[in-house]
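Right after this note come the structures.
Heads up, the next two complexes both have subunit A, just with different partners, subunit B and then subunit C.
And now, the complex of A and B:
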């Protein structure tokens, strides 16, 4: 299961890597706008393909006819309530026709959101900035035995504290500080096995993989930035608590999700006429 | 997270900022030429004549004529002329020496009383306390016999609409400044001149004027106090039940874990019945239920690893590690007022003082978050946020240096030093930013480090001090602080243009604080005050044990003495007119004749009567007498709070070992400038008039000073 997840990740990473690579020169906001536009178009197009367009069109026509009826017969209560029942019935039919395509659309949406979080969720450390490295172990029992767990930092990082053991949470944490720009690996080793984790300091304002995990196929799918940690390792995950990446919109720093959802909806609807899709 | 300094490096002034190296980019911004309009290349005779006429007309309007000139004031709270001269002579302050040689240096006469809020208010408005109405840190409401901060007052919100435990105010509350009068930069603003006013005391909320301002001393912390730190300990009984300036919380360490909470301001959206009214109801009394707003809290967890000598903190969604004796960066703290809808933003720094064998954690006063301020700490409102985007978060409350933590033993002297230097470095970075980015007509930058350092480090420097402590590094602490300010002056001199008028000034100087005077105890001994129950002399808050019908006067604030006047005081006993006047004369004589029986010193050298000696509409609103202590003496900290310790005169052994709230003639401030000072005895109020004069602005008739600065030729 985990290997299937990592294979899927490899495909999506490639597609999004190419897409992001083409747009990143625009800066965070405009590249996100570009991706939102493509996402909107893709979603409308998929909706057109997976939905019964004729049924949707017919239902919508009936619905608008009934709505006109509501306005015409608002003085005749018996007719009015009859039409209202019709409106409800057709609304229900409309929802029935769109619910399956919507469910299908969920799949690419989740994939896109996961990939975008990788590129827009968090930013690299700045030189001089500190962060927490959190190593989660598979079992609390491993905690005492693994007190010899060591952290080897790459040259762009300085490890500032000894490992702080938190048995309650099956965690060992260190504080690291960015010393020099670059992307390197830090190595967590238990004496036998060594697990690497990417670390980014400085450079362009672009996303970073916050966590390398091997916990489950689901968490692997949710965190596609790095290959899963082998199951036989005592380490379940290595996380770097990077600062959040703020996208400036009208001078206000914002998380990427809300502007992305709004932009993709607006742009998708703008293109539905061109694509000839009835929603 | 800051790396711990090595103990020796602690006392080194921060490096960087080579003095005397001109920075062309900054020069360009500051030079008056920058603002001069470019001349048109082809001007015919007619247009030239018109231009001459226009210039004549313009020169008759002083504000426009002077618009090109720039003035910068570096305000150093508590810099003392004698100490300055000593350190200059020792060669420790080359930049001050150079400025003195370039221009002039004089002691600057301060106000009576020489307290910072009073003196800075005079500098701002050009009026004495009779005009601006600030007589002390603490004022008394005589109708209620209750003390209050003299600087700002909160206004309650509109009548709330209540629904069960929910409460919705119909309009927001506010806060207003208590100082009267117009500041000189408002007067400049009326003529279209822009100012940047960085941390001027008694300017919260900042007055609105063209330009920008960040509030300074007098700004509350998030809970509305002037700075309340939190101290979490697992041995609560080792500490006193309550201390001033901080709250001590008992916590327990359970399987290497401490769970505690940060206590924020009251949540005005929630209300719960008070325990008292519920108890009364339970006893069958028909009382109406009273409600109170619960405090907003933020839980946090500390996971201790004694083997590693460090702990992991989880505060909201933030996680960080601190080793023992380490400080965190500013941590963003959010208090939820309405879940998922409304939060109040704050920031604090954590200091893990001790991990084992005892757990001790200090947290700074919760700041009004400059990134998302709940109260107006800057003008325009978003300027504090703009500063944040360049400088990161910073201390915003009253006085950042935590003297109370040191005073109560929560900080050691070295810990206080480290915290003070952190605050100083924040200000230093801010000043660099302001020097690089300002394009205003007037710039004021405030440093409070020297004042706070002299208060807390005097006893290390002075072997005659009753609380003298030997510390090879800290005995030089005050000198180091002066050196650090010298470096700042170097930066300023390098950044400003040649035409810029530079004024370095302080609000007052400093003196040792050897002996405390419990003035209320002395008044009691002299028969001016009668207690209801003399056996309980040392208990009772704010005069609660005083028999007002047989009390003639009382002391409140650090220098104030009030007559218990009929019609003004709640329990007034002295009639206005002859009785009042006779009592005033009698008190003046008695105060000046006061003797410290232990050494036959005279603790009081000056008695000022505001109603007689001050000018302005507010002069009748302050204390009846201001007591000027002689060098070495000061009011105790208990007496201003209406308490009666047993002895009237006590040796001061607390770390708060230097002070200035005494006879103003003993503690003048400094005036160093690149101009010529025309008076031998310039005053703070003279400086206000002189700054206005630099822009060709005439003083108002309420201003009491005269022009004392002239170009140096």
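And now, the complex of A and C:
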């Protein structure tokens, strides 16, 4: 399963890497807008394919009729509240028709969000900026070998602190600082095996992998930035706490998810007529 | 997908959402987002409107109570329900009631009232239903016929509505941008009783009452009927497409269009409205293709630009929405149904008149405009054309009887659906609906009906019971309505006129010519629309279903008859017409000829025909005369499927009135209905109305009066009906 997840990651990484590479010159906001637009259209198209369009159209029409009815028959309160009940009933019917396509749409949506989080969730360290490196071990027994667990950094990264051990959490933490722009590998070694974790330094807009993990196929799928850690290693994951990437909208920083949500919805709605899809 | 696999997939999808531990956790993606956002807005709108309505209801109630005039009397009914069955004949109804075929009508008769209902002169729907709604004779509402002559252009025109393009346009290159909306001039004058009720805060739902286009504002909802045009602006132009180049038909109400056939694909273009947004834009068209099959299943595919419809031979398609694009961003929406008549050896396709889409109306067909949208969204698209049942296509033998019946029944079901919704929504006030099925089917099937004056001659048994079954169907409808009403509801079931066979056609313009009152211009090439009349030598001409007009100097554009000669000329024509004899049958084809000055009262008498011919049962004006044309002979056999009619002497074709309450008068007239409804709600009957309240306790009731006072009547006293 893990290898299948790795293969899928390779495909998605390639596709989104190409897409991101084509758009990133636009800057974070506009490249995200482009991807949101494509996502909105794709989702609407999939929704059209996996939903019962006739039933949804009929249900929406009935809902619209009842909403118009609220205005037409507002002076008779009994009729008015009867229509209110109909609105609720048809809303639930609408949700019933939407639930299966909603669940199906989650698959591509989750994949897209994972990939976007890789590119827009965090930014590389700037030169001179520090970040926490957190190594999580598989078992408490591995903590016994703590004296042999070492962190090696290339010359472009500087390890600022000795490892801090948190036995309850099975974690060892260091602080590293970027010295020069580039992508570098930190090496965590237990004496027998060495596991590398990529660290990105620089002011460019580029995707960063926050965590390298290998616990399961699901973890692998959810963290596609780097190859999974072999199962036999005592190390469960290595995480870099990168700063979050803020997207500036009207001068205000914002998490990428908010503009993406709004833009994909708005653009999806805008294209549903063109695609002939009833939502 | 097997159930177990499906469950696993759902579990997996659920897990993805639940286990993914990032900030996007709560976000389900655009797919789910669409649903959630839509649902949120719907619920928000519903709850917000509930809140606003509840909050403002006392204020609105108070404001209305302060602004509306006080009703002088108490209401005698909480609700009045009127079911109009256009053209249902009292004689046939009574006969089948007596045979036990109509139990619900019989129950109404026993509970309250069954009577002949005096009709208007002429006895036809636009006139009678106008009198129904206004309580006035035609001299006050100005509807005298379907078609009337324009005294200036000397061309026939529609009497009830005139749709005109916006007055001003902005020319931008080849584009003409309209600065305003089309103007719809209403022909019907006076005021409908539901408007008067509205002023007193009484809500009405009015469905498909003829001559309610353009829809007028009042406190209630209304869906227009007779005279709503199709998208071409006509009263119903159907289309006949064929790939057979030898199939040449001379259609009057329809249009024959060619189709090109290659390799099992027939191509054609659906004509639409004129493109008024572009200079010399011509007619808008939608290309279509029919993909035929050879498998003997009768199936085919109709490909439109944005849609493919499955067709089967002799089965109607559902309503199909058509989009005519006038220019980028400007489309006219319309609806039509398709009937594949055959595929081999030639593709033959019938298309109903292309009608205004009730969901996106190009012209207002309801009040408020949103009411037609409400109905369309609630029950699906529906026929909007004034006379929606395509009698012309059957009359011109493009479709057969079964196809016509199917179409008419489908339209009837649409009406029933909206009517029962109206009953549920109108718990207080008036709910009125007119069903046309009775009229249309009798027009086309009287030739199969044995029990008529001409009955024994009918040999075709195929549809011998269609009319009887129709009356049984109406009885069932009335039964369902009776189940929906309570003791505080007054139910009236009425028709505007009766029905008689139409066997012989009288060509009035030919008679006027032969009698020396009309001269034909030998150079004229068009035989129709009064185009052959030599006005310099013509004293009288005929247009419509029995109207004769004098060519009066100063009134008609090319009039020659001095005003002072009018009375003498009318007398002369009247006396001669009454002497007209049918060479093939005993008796006179003309029962009576009415002088407008005796028949009508009111400010619009000047627009009435000078004389109105009341034909004897079995006779009717010829089709050629209706549009101002000329037939070959004065009296000829009517050989068309349109074999029943009511444009005869009004006393011969009264309507009927059933009510669940007793009446005070023996001789009700259709003009009495409006005052009766007003009186039932405690509203004073306006003095201009000709009718009187006829229900028990009516303050103005003329109890026991056998005949109507002449000044209040739309039909002279002499032709009042005996009452059952």
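Methods note: the second predicted complex is superposed on the first by the 253 of 279 C-alpha atoms of A that agree within 3 Å, B and C clash if a C-alpha of one lies under 4 Å from a C-alpha of the other, contacts with A are read in each partner's own complex, and residues count from 1 in each chain.
The rule is short, and it goes like this: contacts are C-beta pairs under 8 Å (C-beta built on N, C-alpha and C of every residue); 3 or more make two chains touch, one makes a residue touch a chain.
A quick note: this is a predicted structure, and the numbers were derived from the prediction, not measured.
Of the two partner chains, subunit C is the only one touched by A:63; subunit B is not. Applying the stated contact rule after C-alpha superposition, one finds that A:218 touches subunit C and leaves subunit B untouched.
Judged by the touch definition given at the top, the superposed model places A:241 against subunit B, while subunit C stays out of reach.
Contacts of A:160 after superposition on the shared chain: subunit B is touched, whereas subunit C is not. Shared-chain residue A:168: touches subunit B; no touch with subunit C.
Counting residues of subunit A touched by each partner, subunit B versus subunit C, the larger count belongs to C. When both complexes are overlaid on chain A, the residue A:107 reaches subunit C alone and has no touch with subunit B.
By the document's definition of touching, neither partner reaches A:186: not subunit B, not subunit C.
In the superposition on chain A, contact of A:39 is made with subunit C only, not with subunit B. Contacts of A:134 after superposition: subunit B is touched, whereas subunit C is not reached. No residue of subunit A touches both subunit B in one complex and subunit C in the other.
Interface residues of subunit A facing subunit B in the complex, by the touch rule stated above, are 130, 132, 134, 160-169, 171, 173-175, 241. Within the complex formed with subunit C, the residues of subunit A that make contact are 39-40, 43-44, 46-47, 60-81, 84, 87-88, 91, 94-95, 98, 101-110, 112-114, 117, 121, 218, 222, 255, 257, 261, 264-265, 268-269, 276, 279.
For subunit B in complex with subunit A, the touching residues are 1, 3, 255-257, 303, 305, 307-312, 319-321, 323, 329.
For subunit C in complex with subunit A, the residues that touch the partner chain are 10, 13-17, 19-20, 22-24, 27-35, 37-39, 42-43, 45-46, 49-50, 53, 57, 60, 203, 221, 306, 368, 370-371, 373-378, 380, 424-425, 427-428.
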